[in-house]
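Two complexes follow with subunit A in common, the first pairing it with subunit B and the second with subunit C.
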Partner chain A sequence: MRNRQFTETLLTVENISLSFGGVRALSDISFDILKGEVRAIIGPNGAGKSSMLNCINGFYHPQQGAITYKGVRREQMRPHEAAEQGIARTFQNIALFKGMSTLDNIMTGRNLKMRSGIFAQALRWGPALREEIAHREYVERVIDFLEIQHVRKVPVGQLPYGLQKRVELGRALAAEPELLLLDEPMAGMNIEEKQDMCRFVLEVNEEFGTTICLIEHDMGVVMDISDRVVVLDYGRKIGDGTPEEVKANPEVIAAYLGTAH
Partner chain B sequence: MAFFLEVLIGGLLVGVLYSLVALGFVLIFKASGVFNFAQGAMVLMAGLVLVQLLNPTYIGKWHFAGVAALVAGTIGVLALRALKPAAIAAGGGTATRRLPLLVGAGTGVLGGILALSAGGKGWPVWLAVPASAIVMVAIAYAIERIVLRRLVNQEGIILFMATLGITFFIDGFGQTIFGSNVYKLDPKVYFGIPNDPVFLLEGVFQGGILVNNLDIWGGIVAALLVGALALFFQYTRTGRALRAVADDHAAAQSVGIPLNWIWFIVWSVAGIVALVAAMVWGSKLGIQFSITFLALKALPVLILGGFTSVPGAIVGGLVIGAGEKLAEVYLPQLAKNLLGIPMSGGIEYWFAYVLALAFLLFRPQGLFGERIIERV
Partner chain C sequence: MPQAAATSDDTFPRLLARNARERGGKPAYREKEYGIWQTHSWADSDAQARDFAAGLAALGFKRGDKLIIVGDNRPRLYWAICAAQMLGGIPVPVYQDAVASEMAYVVENAEARFALGEDQEQVDKLLEIRATVPALQTIIYDDPRGLREYTDLVSYAAAQAKGRALRQEKPGFLDAEIAQGKGADPSIMLYTSGTTGRPKGVVLSYDNLRVTAQNAADFDGLVEGDEILSYLPMAWVGDHIFSYAQGLSVGLTVNCPESAATVMTDLREIGPTYYFAPPRILENLITTVMIRMEDAGRLKRSMFRYFMALSQRIGGALLDGKAVGIGERLMYRLGELLVIGPLRNTLGLSRVRVAYTAGEAVGPDIFNFYRSLGINMKQLYGQTEASVFVTMHPNGDVRLETVGKPAPQVEIKVNDNGEIMFRSPGVFLEYFKNPAATAETKTPDGWVHSGDAGYLDEAGHLRIIDRAKDVGKLRDGTLFAPKFIENKLKFFPHINEAVAFGDNRGFVSAFINIDLVAVGNWAEKQDIAYASYQELASHPKVHGLIAEEVAQVNRDLAADPKMAGAQIKRFLVLPKLLDADDGELTRTRKVRRGFIAERYGALLKALYDGSKAAHIRTEVTFEDGRKGVVEGDVAILDVPAAEPLRKAG
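On to the complex of A and B.
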């Protein structure tokens, strides 16, 4: 529960509808994300939370509606364009490059920042080498920040689940994103791991000013770290506001606890 | 001793042919985690196009003009992309989406007219080879656009089935356009390489070692190709992007790797490797439809060398090429002398597969493949 004020809008979702064949995943969803805030999306399983995130970073193309990001209104965006625009994300079922080491995985996050030509890279001469070293330094900072120095060289396929989640966050951070989308960053973690992850998320938000949009099921965590919360149920938006407002919303309570009909 | 060396060298040079095809498989496997069954069909297609362009007496002049139009159209689209990348990348309005189509069609028609006005004469090698390469790029583009784009985030097996379909399509389409004759690709006429045997090391052994001139050139071409590919794929950002794409499509896209573009590049490179393979194979065997399945000899090569390794494809090809020839010649003798078992030939047909089987049992990742990591 935090009382912070934000004014500048970073992203606006307008009347998004998405269906797969006859299944309506999202109907007419609108909300906004303000620059600098921690915005949570919650809702029961199958509410359309991940679909919403996938629309924002261009994996899904909604049939209706548009998304305005940094003042540019788009009906469709491709995933690599989203990444170029400063949107980074993590996935619900960890999507890492399993054969690569922790270090290499996080280096892929720098992919878009590399500029030198193919031939210079192949021959490792001058500017390409300097560039590689500069990126490597940034990646080492990310690794230090997430406290995963000890597994730098380990192939991520061998790491325990909690650490894999951390590496995935590291890869997203390496891109120096403006908007960070986290899909259940704390799912399946024990209390200690959750506390660590909360700390990282808050530090990223406060120290780098990164705007964060996260999906999470642990209500304690959500209410503690988010500034505002969107609640989805069966693809509809049923609540939007500060954690207090959402907690008091009868529709939200009904969705989570069920009502006597 | 001279005979042994002769068999060994002969085998190694056949191995180069296997390596050339295996290379195409490796490139696509690295980039999409898919075993591309269509590589053999691409070798066939590249060979057919090249042979037709070199010698249009094989086909009518309208076919010839058609190929020329395709080449010109592809150059047009690629040039547009190079000159105005911003317009393509924006891709929002229908106007920008139609632009490449219009440019492609325009330059295509122009190319066709030019080819017709040339009277349908055969092109010289320096023109026909790059033109065939461009046809392969066009095919790669079509495959990405029509088939692969719809299969992002699907299982490897689904992509594999798709490449199976592509194989039979290309095979049948090739027959529809070019007919099913065996076309001769005479290396002496087109590349100035005499297809005669030469004798090496005549000072050391009596009578020297008999080697085919063409095979030596094949080896040199393969070596150059591998050098270039190794530089390109092992040490560049593209190389890292490739490994990423092969591992996880969604994750690769989320860090800003343009999946479709990478696939297009890789299929183009595989197409050009197919062209080189077609030139070498075609010079030896002629361009014929059996190439599609002959190319499956690359499978044991890949198992031996590792599916993800460019050097592995080369070493695997050489080991199998040399191994099967040596086995063919010496195994019956050995069996007879040591075990007293009579054995006749035909060994080179199964030797590669038995070797591959042994590798699957004892070293499934191959000689140079990435370790298969399994969390226990």
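On to the complex of A and C.
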């Protein structure tokens, strides 16, 4: 639990509704994300958390509602637009290139920032080479930051799960995002890996001022590291506020935290 | 401006100044940062150390002040050692993996007012200490990561900026300070980890370190430009003599790895010419090689076996320049091309001219492995109290079972109790604030009690049996040397650590730690499923594997008439790894037998009362200081004794 003040709105979600055929994944959801905060989305399985992230970065297109990001209101966000506008994300099921090294995976995070054409890049000649070196330098800082120097050249598929998660975070960081969406960054990790991941998330937030929106199941983690929490249940928003407020909300307790019988 | 050149170069700050003058542009330190090796020349190192020294002075550091230094091997930390010395202060490097309470003892005992921590992890510990040890005032940090919201700290860069300002204001100040230092002054304080009791601060003078370092360098023919990878703790006297004292005296290039986890890669990239590794690391390297060879294809495996067997037969002899038949010589050449050379290269040891191991007795098979690869692996015997070097193997006269001949200017004798005593220019000044311990260890005429039992053989080589106080007897009077037995067990890649008991008992028994990597790999091949170390350690098939290895040790022991009676009758596999955080090992990873016997008293009792199993419940400390509990039943296994060999005729 942290007491920090934020004023500037980075992203606003207004009355978003999303259905797949007859299934309502999200109904009439509104909330905002302030610049610089750690915002958590929680809820039981199937509550619509990942769908919400997918709407924010334009992977899903909601039937109703709008998303305002950095002052621009859009009915639909497109994935490449989201990426170009500084939204990066990680996935619940790791989506790395398993046969490529840690370094190469993170380099792909710089792709949008490369100016030279595909052929120049392939031949690594002249300006393309200089550009690659400059990007490599940034990637090395990310590697240093996440303490994964020892697996720099190891194919990602050979790494333990916790490290793969870290590499995925690295790839997202390489894009120098303003808004970082993390889909269950600590799922399936042991306590030590979770602690490390928490530390990295907080450090990204504090050192780079990156705004973070994360989905997480581990309540201890959520309450400790987030500034504000949105609670979803069956596609509806049932709570929104600081961790204390959410913890005290009877509807949230009933739906998610469980009641004391 | 008066130059330090006028006096002889008898302190490290003056040696650094000399190096900056005479070999200014040559590489002094390299550090891998952001994936690239960054080089600092001697001139740059001297300037950096001077800036930091003046910065310390600006922060109020006085002559005689202590500077606690804690972190991984980094050029900036080595410069900090020299910086404190420039001001007539005494640097006190501390083991970086020590928990705050352990570190607090050193900080308090040393009466340090200043501390330098490498990163947030170390700074957190220092801040915790500052809350209870008021003498500690100024905390300096190197890596700013995660420290943005901390207050009341000074960054290394800020200290250097203050220093530059001071140097401009008073240009002659630092040289005058450096000129005040004398060779006989205390130069560093190193706390010995100590297998018993509280650590003691060993005070070494410039002369101690400088003369000993130079003697050993001459002995091995080290020259300017030799490369060393400094990856062992800076608080350990070995690193201090290799990376700092010899580095400055000879002009070695000191390479600092990127992180503890990348040492193997960094080793390969640097290819050091002068290499030190404790037996434990040599063992781990072999284990990794063996595991990877087991996974290799059939052709590669048989080539590996054939050429390793050949090189084990003749590699050592070739290295010592002894006669070898022409046929074998040719095959060795082929092996060199196909297996041995590439293997040496993979290990990062192709350029090594001089390699040492020490700290614990090294298993002959481990030692042989490296020598047969054509690596000039030697042993030395040393102590903090001797500025390391007591004995060392001369080139071309390497004997597996000895630790070498007395180093230059070192005298050795064995006293009536069988304890080795030595006298040398490296003998320490004193234990800090502990005259009683000093008097107990050092005689008025400069002889030091080593605490080790051993003897000089016919060839003038020293042989170590065990710690003098550990050598015991079984009830029937048979000699019991626990470490001797433990080392035999530890050679098996499946056994990570062993603790033997038997002093004043009817027979020898042992606690064994399995090696998670090696046994895990073996278990996979046997289709044994396991979820944790504890589960693997209690699997009956694993017990069978270990029992076979213990029986092999018994057969070896039976072959030695002095040891035949001290065979292992019963053993058990501990459900948890012995760990320095739980106080079971020292920070240099030596087993603390007494402590372990006490902690696992119930298990030890069961070994001797004939039980088939025992229950254990013990606390473990995790790396972040939290505690957990390991609980379970431990099986106790019997091993048949081997018949002593009788020589025919």
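Just so we're on the same page, the second predicted complex is superposed on the first by the 251 of 261 C-alpha atoms of A that agree within 3 Å, B and C clash if a C-alpha of one lies under 4 Å from a C-alpha of the other, contacts with A are read in each partner's own complex, and residues count from 1 in each chain.
By definition in this document, a residue touches a chain if its C-beta (ideal position, glycine included) is under 8 Å from a C-beta of that chain, and two chains touch if they have at least 3 such contacts.
The structure displayed is predicted, hence computed values, not measured ones.
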Original post:
With both structures lined up on subunit A, is it a clash or a fit for subunit B and subunit C?
Top reply: fit
**OP:** Could you say whether A:R152 touches subunit B, subunit C, both of them, or neither, answering first, second, both or neither?
**Re:** second
Original post:
Which one hits more subunit A residues, subunit B or subunit C?
Top reply: B
**OP:** For A:D104, decide between first (touching subunit B), second (touching subunit C), both and neither.
**Re:** first
Subject >> Touching partner for A:D218 - first (subunit B), second (subunit C), both, neither >> reply: neither
Original post:
Is A:E251 touching the first partner subunit B, the second partner subunit C, both, or neither of them?
Top reply: neither
**OP:** Mind working out whether A:E206 is in touch with subunit B, subunit C, both or neither, as first, second, both or neither?
**Re:** second
Original post:
Touching A:D144, do we find subunit B (first), subunit C (second), both, or neither?
Top reply: second
**OP:** Determine how wide the angle is at the CA centre of subunit A between the CA centres of subunit C and subunit B, giving a multiple of 10 degrees.
**Re:** 100
Original post:
After lining up the shared chain so the two structures overlap, which partner does A:E193 touch, if you call subunit B first and subunit C second: first, second, both or neither?
Top reply: neither
**OP:** For A:E176, decide between first (touching subunit B), second (touching subunit C), both and neither.
**Re:** neither
Original post:
On the overlay, how many Å separate the closest CA atoms of subunit B and subunit C?
Top reply: 10
**OP:** Please name which positions on subunit A make contact with subunit C in the complex.
**Re:** 136-137, 140-141, 143-145, 147, 149-150, 152-153, 192, 195, 199, 203, 206-207
Original post:
Once bound in the complex, which stretches of subunit B touch subunit A?
Top reply: 89, 92, 231-232, 235-238, 240-241, 243-244, 247-248, 250-259, 370-371, 373-375
Original post:
Which residues of subunit A touch subunit B in their complex?
Top reply: 57, 59, 74, 76, 78-81, 83-84, 88-89, 91, 95-100, 104, 107-109, 111-112, 114, 118, 121-124, 155, 157-158, 171-172, 175
Original post:
Which of the residues in subunit C end up touching subunit A in this complex?
Top reply: 33-36, 145-146, 148-149, 258-259, 261-262, 265, 622-624
